[in-house]
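Note sheet for the following structure.
Labels A, B, C and D are assigned to the chains in the order they are written; within every chain, residues are numbered from 1.
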């Protein structure tokens, strides 16, 4: 039966239940046990996924489940990213009393489970289930800071839009099902190939719904409206979570739906993605300029990154997919580092949310300023940081399919985007600090953020390993 | 032999350079005495070695020697060297340069005695000698240009020697810029040479000069010009800058802001004559273009007369001499323009001596008067400074071309050469140089009478200290007075009326322009020429000039005042120097600044930077602000945006 | 026998109504939740109709899952609405515009 | 020495030293930071010696090659090598960096470690630009250099530093971003990022022109050519003295280097067709910008504009090649102009770099860069004034100084192309003298105004004196014996010219 292929998912599920019980019945100070168990779970699941890496592709459980390199790789990353997220969450929720509950981790774990299901889903049903399992805890987590009006507002916006999007996705799924009579991705792909022109219109209609549903989760324009509000409104530790790991899962979903299920409709979805990519890059970069809240700015910057990533997918080539994968991985670690920095700079009674709060960071903590500088320049796509090679990879893929104009347009938007990244650096380095309060010294956070940021540099100087990995995932 | 010459030349050139470097860099270490000793030693070495060279080259007639020291630039087809050409022309010229320089160095010990920047001054002077020698000795255009600009630089530095004086700072800048205008022509001329000959070496260029005959160049569409003409005129523009020919003469009067020894050496005897030297040096090229010669002649003659006229109206003793220098440079140019290259060079040599003499004598007067240069506050000085008086008189007589002083021979030769010349413009030029003789005598003796004769107007406190200058200043005067008397008499035959002559094969004259050959039959020796002077117009004009000067300054000064009132307009033009300065200041300087300001403000800052660069920045910022409003914060708008997206996609892909 | 297309049209109409409700309703969050339920019902209708038409029970299976998820969704949605009410004493959609721009 | 890793050492020693310096932390350890930085700079400069000695100037081939696969997926390699054009640039880079670091020893007192580290890292990146033979590696160094420069202008700059630094960054990024697209396109055709593999591509004319324009965007901004020059005065004015020196002496040169290394050999036909445009822009830079320089009131701005004007010569020198070739038909005639361009690049580095340091010295003492705040500085700072005069004269292009050689070679070449081109180019003799010496007159000459602070100025000493002496040696050495530099160039220029004039259509 190959149950061991399911091991990471099963493990996380079991542990989530165990931790739920522990948290309920074992009284603890500072949630230490819950926290450690959660982190341990993530680490172990990552190891299990790692162990499953490079095993032959397994499709089982009546075609609902797939274990391939993409899924294992993304599962590792999801676990890792969540691990980092939780490192930054611990102090954050402890110092904000009403959030300090075990549910935070448990919800997070369930969401991770949803993501894992999503990345290894092989049928429309599992995709839907994974998607919802991932999203529902997220809605709750956004609203966890219960007395915060903005958090609730963000939650309801996220929730309503998310529900709408999954409704659309479902509608598309139902149409595809109606045409092909199947839910298994490969079966659908096969039957579309065989009966090419039959019900083409319905197929395309379904495709459009599916594209909208999946791009919504990624946060591509014009389905991006929730992103800035949620990122800004949610507690920063949740923002890290929302902005990072789910993107990996959503990326996998998009790729499975478009590249695995509907490669035959390539000519139909490519133009859609081109539009989305251009809009995302444009809106993301343009609107980020006008922001004074750094969380919101990073949200818009995230939208633009999704646009660049989409460039890779829309090529419809393996090189493009691997470029997109590389991009999304790079993006996730950049955004992780960016938001983590905000957590690190916040303390009880002070949330580092506005650009102004970074003023003169170089005077207060040169090291952290330097880390943030790396993040910003990586996001801007400057060598020798990983963000540059991410952009390079997608541009390369786009030019390879003779969409040079698109690459030029993307570059133009990158130039516009450069401005606001530079502004962050400017605020940190060139402006005099307004506050001289010491920055709290949490070794774990500092270590993690240093590793994270230096990784951006390291993978920028030696991108080959990661690039090759992303490349091999699709072989 | 050539090795010996090479080493001699190196010695000549490097001795002043080394002296200059030591005096300049280690000035504080070696002190004032050390500075003047080392530089005088350097120039003395150069002078002595020049004598050897002169002996070898001119008297013993070995030579010419042409050699390269090292390759300066080698690029593709072209090789530019640093090298020397020692022939009669350059050998004679370096003798003059080192001689005058030596005397001026000695003289400066006295003149500059009270100056705090003593060492710097001597360093500059030695450096100037170096640059001038490079200019003279060059065997190719690149080296020539090095010396050419080098003397310009040091002239700039020396005019601005007392840089805290605003007028000195202004004068130096003006001198440099005016020279640069000429140099621009010069460098284009050099570029033309390279284009036509693929080489900058004199030897190659002169050997292949026929190349120029078949070439034309189209500067304005439809108008073909002789390559020779264009090249020569471009080079001549360089000469105009350096030799202060109209309209680039404006800097020379300003250069009087420098110390007087400098005026004597640089702005009278040596540097300013470089233009004449260059035209003579390139006589093979100039001879190929009648147009170019004509231009040289007309400009020279014009400068000769009109700058001389200005000298009459000056009250500053140095400025009078400065305008006289301009006028005499005009004579030289007219001479070479008339193809009497040897006559031009002849005047260059004699003028170098008597003008240096005049300046140094004037300097002596100025020192005695405690740096007052206004002649109206002098007068009757002959009683106090007899040596200066006599030497000044000798200089003045030489300048006024009274036989048998040096200036008579050289100037009369030029006037005769212009008279017999047949190239276009010669008649006009003749009129100019003829009147120039009158004018020269007039302003020279006006200055002479005002300074040394008449009523003593020296302020009382200075009068008490009036006395003759120290020997370091008077000895050079005497040494210069000797050639000012004799040089013409001695040199006229060997230099002008002998074939091949003192300057020998350095000069080329084609038969149809050879005015000297036409004058040859009328020459019967130097003495005869002096005796014959009474029969010639220029002599009587000069005498008339002296008499007029005497009449207006000593006999009846009131007439001058009446004339001034009667011809107020002419006087106004004259004291404004024909308006050249105002024109430059208002049209060129202010115009340039205006253009610059317009380009800067309207184009660079407003259009490119303001509109295009920051404009696009602003546009993006504006778009960003506008688009922000799309994100209204209302849930139903967000949903609506998604639906719009849906409809657009559906409509686009399915309809 | 009612033709498949009629079901599809019905579901499309339901879908349209729910979306219209989402877009046009500016007052009450609860009705937005209801619209979302309606949206899922439209999808369910589709699935059932297709399953019946194709003679394939996968669609029906899917419907069960959708219903379950919808229930969970409604629970979370209502919980969020409650926190909103606690914080701002209103559940009017129009008032939720703190986050914008 | 180790020829096989020499180039890597040249790149990475400064970078590693930079990191080391950065780790010394705050200003309490400034002395250590200074020591490390100076040592590293001296070592890298000394490493140029084996580079120069072991370099075979008779071969056009890339030497000291290093080749390691770097990013195999895209076939990007860590490929280094130098030819006769890059060797002088590398020596210049290390020399200038040494100068800047010596000059910073005294002048910089705030965040010393960060300052020195920024410059060391920049130095490594700049060497990288000149030694990379893989175009993407080139691009990485090209862009990476912007970051420390941005920080440098922004942290240690003047009042308007934020604006200037962001403008500098975005401006240069715009250009290079387009270049990236061109590189990616070329790699698609050549299946390799090696620059040499681009030389053999036969591209259709339209493509060539587009690629030329993309490269043009990158290099023209860097040079900077009119009308892409407006970042430079701002950046120069606001940057600290060291930043201005690096900008003027090295970064601008990269634009010209790019034209010689990329544009001309890769797209020869487009270069030929568009050479008129380049020549025109070069002339505009020479004349128009000189006019603007005349009316500047800020010394640094004035020198910045004069830099633009001088770089116009370098551009002119590069693209005159095509006109000369058309007229004389002998490509040996074209050497003069392109080698003139290289000499101009090097010589300008000395002259303007030194002048920027000079203005920095004045600024440190009086806190003003405005010409009108000074008068009679020569009275109180005679040694400084003497050096400044030398550098000003180099800027004016006086024979015997380095500034003359390049201009002379290019003006002479320009005449072969067309009289009026030469005429406009030669107008710099007047205009250059006008703006430089007019400034000199107002700042150094004229009486000292009491109360202006000039009377309290102290003349240069110790480290600044060393800097000036080194620069003065450079200026005079190149001016008197440029053949020392030129002999390195011949073989490589010959090779690149061959490629750059081949018709590929």
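We take it that a contact is a pair of C-beta atoms (placed from the backbone, for glycine too) under 8 Å apart; a residue touches a chain by one contact, two chains touch by 3 or more.
As the structure is a prediction and not an experimental result, all values here were calculated from the model.
Student: Which pair, A-B or B-C, has more C-beta contacts?
Tutor: Between the chain pairs A-B and B-C, A-B carries more contacts.
Student: Hey, which chain is the most central one here, using CA centres?
Tutor: Taking the mean of all protein C-alpha atoms as reference, the closest chain is D.
Student: For subunit A and subunit B, let me know how many angstrom lie between their CA-based centres, rounded off.
Tutor: One centre to the other, that is 78 Å.
Student: Quick check: how many Å separate the C-alpha centres of subunit C and subunit D?
Tutor: Here the centre of subunit D sits 65 Å away from the centre of subunit C.
Student: Take the average of all CA coordinates in subunit B, do the same for subunit C, and state the distance between these two points in whole angstrom.
Tutor: 97
Student: Would you mind pulling out the distance in Å between where the CA atoms of subunit A average out and where those of subunit C do?
Tutor: Their C-alpha centroids are separated by 26 Å.
Student: Which residues of subunit C are in contact with two or more other chains?
Tutor: Within subunit C, residues 19, 22, 32, 96, 98-101 contact more than one other chain.
Student: What residues in subunit B touch two or more of the other chains?
Tutor: As it turns out, subunit B has residues touching two or more other chains at 628, 631, 633, 635, 639.
Student: Would you give the residues of subunit D that are in contact with at least 2 other chains, written as numbers and ranges?
Tutor: Residue numbers touching two or more other chains: none in subunit D.
Student: Pairs of chains that touch, anyone?
Tutor: Every pair of chains in contact is listed here: A-B, A-C, A-D, B-C, B-D.
Student: Provide the residue numbers of subunit C that touch subunit B in the complex, in ascending order.
Tutor: 19, 22-26, 32, 93-94, 96-101
Student: For the complex, which residues does subunit B have touching subunit D?
Tutor: 70-78, 142, 145-146, 148-150, 153, 156-157, 160, 163-166, 168-170, 172-173, 176-177, 180-181, 183-184, 187-188, 190-192, 194-195, 198, 217, 219, 592-593, 595-597, 599-600, 604, 608-609, 612-613
Student: For a test of understanding, state which residues of subunit C touch subunit A in their complex under the given definition.
Tutor: 8, 11, 15, 18-19, 22, 29, 32, 36, 39-40, 42-43, 46-47, 49-50, 53-54, 56, 58-59, 61-62, 65-66, 69, 72-73, 76-77, 79-81, 83-84, 86-88, 96, 98-101
Student: Write out the stretch or stretches of subunit D touching subunit A in their complex.
Tutor: 22, 25-26, 69-74, 114, 136, 139-141, 143-144, 146-147, 150-151, 154-155, 157, 161-162, 165-166, 169-170, 173-174, 177-178, 180-181, 184-185, 187-188
Student: Mind pulling up the subunit A residues that touch subunit D in the complex?
Tutor: These residues of subunit A touch subunit D: 362, 366, 370, 373, 377, 382-384, 388-389, 392-393, 395-396, 399-400, 404, 407-408, 411-412, 414-415, 418-419, 422-423, 425-426, 429-431, 463-464, 467-468, 471.
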